[in-house]
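Once you've had a glance at the structure underneath, I'll fire off some questions.
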């Protein structure tokens, strides 16, 4: 019974933990501009993150080595440092976006400018990182974040023309108003939003934090294989809500206040309140995960003691680094840059940097010195290679498309 | 001497003909036990004709997955060999000179 | 750079197999995590120091093979990435005599606090963390 | 890997050059260059209309609706700034630019009123006839401004 409860909890937190500000914004933007014609990308992204998280979780559980230790060991210090630089920058962008997301959601709830909420969000994130246990932190934000299910409920309440939605999803085409370049640019953005590297750093380091052993692998696999697809389902619901309400009204999403309009229309103030709670929890959880991830990557590259299971005094560099990252993120927000814009760029840069973290994990997952008999099976390797190609193509195409379309404008 | 001084040095035979680059240095831990672990004695150097970046040591181990990454890296390191300490005349950061009549051994590991 | 002369594959002989553990430095040592006797991360192996021979000097026939004298960490990482070489006094050494085992990690047989390699960690622990409330307690 | 970091540097340098070129010569008003800002404003004013609608049926809170109106005001300001930077050497181009700017400022005004009414609507129940009347007024103003922009866009050849 206790075990079953653990599995259920794991799945629920995986759903709540999947959606962050990047998924929220990107899916709503895409839904309001392209309808459901990019839903297939979410499916590909979710399968990819399942594969990637499963592989890095297995490496962490079997060898006890988290992702960035492996990256440095396999790629050497020079390529490893380039990798660290890229990953760290994206983490920083994501931290900034998530803290901005918390503040924007609190503005929706209160009407008080988000800038005034930023210091509050910073303090709350830091306090939790400093003082709260890993498992509590993960479960609480995951469970509360689950209230984003209100998007799916709202979709039903809107009574959409299901046939038309399915038509958009299954026979994708670019509508007359939008350019083909923008379509593919947002395809990459959605892919990057689903396969954010920090999710993998966090997942593999979390496996070490919670002391996973080989016997825990089954549970981790269930969590990932159930939780992430359900999270992907939520993503599609976000896009569908925007496609049903905003697309026909000629509204293309640029702010969080537009993202919530369809849910308010469908479910009124109650649904809106639940949604804002869900957004705060999801972005708060993601802010914790990205802040921890930036600490993880630095500590693992340089071989410092790390982990929330250690007292701050026993992992001093790790904890100090995280404080610096949080302050840097808030400093970026203080310049007045639009957090939504930061979010939109962060998901695309995630896609660009993805091969750097994916390839070393794919290689080590095949290395018997680390993995013993738990090396990748044939089927996983075939899927792994297919995704290697997809990830490489997305990464290489991203910058030319960004230039050609003016970042999807 | 520091290890990374040697890694990447050119390897030449006694007539000055270039044979490749030092891609790794092999040690054996097999002498009488010290305090915790025995001394690590240098066995020799691994010479790669093309590139010093060992990356993953695919050429020295029987790993063939993930295809084709493994195959590609193996191919980059084809023809690499091991030269024992006894056959090394000079070690320096620019150049490693081998003794006349050195023997090239397979660089594979016993994994 | 002149093209390397190929050694004919047939001339490459099977290698003698030493009895004990065989370590290829780049493959098994460099960039590996070092853990202390309690499993606490100490640092990474940024470089390896050997006893002899003097660089660019002729090695006499029958000379004793060099051994690993210490694992190096600290500023040497910067010079490995960007080139150059730190002065010998700035190298942080972890003598080979305290190494207890080499696996996917390098295990040391002593406590992290006894090593120079963790001085930054200790400095922050004593000068920064205590100024912030709650830093010395376990998280709830 | 050092090779790829070098090519990254090349790409970034190219990006910088392109950015320099784009910002160096300011565009002139035409159907093409006005399309982006006009669509942004058209989307913004419709979003604010929707927020007011939702507030009238009590589906959304005063805070969320006024935040939406405020955000949309920011969007219109950004689009206005873009068009202010346009060069308009010919008389025809100047007229077009001024028409667009006039339409944007009408929308800005409407949004400002909407925001104020929405913010004020927090105390009273939205169903009160007073509140409803005020909301209906700003909704009408938003609609008029939207129609103006639409007809201007059709005239200028922006789909």
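As written, the chains take the letters A, B, C and D, and residue 1 is the first residue of each chain.
To be clear about the criterion, contacts are C-beta pairs under 8 Å (C-beta built on N, C-alpha and C of every residue); 3 or more make two chains touch, one makes a residue touch a chain.
Worth saying up front: this structure is predicted, and the values here are computed from it rather than measured.
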| item | value |
| --- | --- |
| Chains touching both subunit C and subunit D | A |
| Which of B-C and A-D has more C-beta contact pairs | B-C |
| Between subunit B and subunit D, centroid-to-centroid distance (C-alpha), Å | 65 |
| Euclidean distance of C-alpha centroids - subunit A vs subunit D, Å | 30 |
| Chain centre separation (subunit B, subunit C; CA means) in Å | 18 |
| Centre-of-Cα separation between subunit C and subunit A, whole angstrom | 36 |
| Two or more partner chains touched - positions in subunit A | 75-76, 78, 369 |
| Residue numbers of subunit C (touch at least two other chains) | 30, 80 |
| Interchain contacts, given as pairs of chains that touch | A-B, A-C, A-D, B-C |
| Residues of subunit A defined as touching subunit C within the complex | 63-65, 69, 72-73, 76-78, 80-81, 130-134, 136, 299, 301-306, 308, 311-314, 316-317, 319-320, 369-370 |
| Interfacial residue positions of subunit A with respect to subunit B in the complex | 74-76, 359, 362-363, 366-369, 375-376, 381, 384-385, 388 |
| Subunit B residues touching subunit C - in the complex, by the definition given at the top | 1-5, 7, 10, 13, 17-20, 23-30, 34-43, 46, 49-50, 54, 56-57, 60, 79, 81-82, 84-86, 88-95, 99, 103-110 |
| Touching residues (chain side subunit D, partner subunit A) in the complex | 1-2, 5, 11, 15, 18, 36, 39-40, 42-44, 46-47, 50-51, 54, 58-64, 66-68, 71-72, 75, 119, 122, 159 |
| Parts of subunit A lying in touch with subunit D, wherever the complex brings them together | 75, 78-79, 82, 107-111, 177, 245-246, 249-252, 254-258, 260-261, 264-265, 267-269, 272-273, 276, 399, 403, 409 |
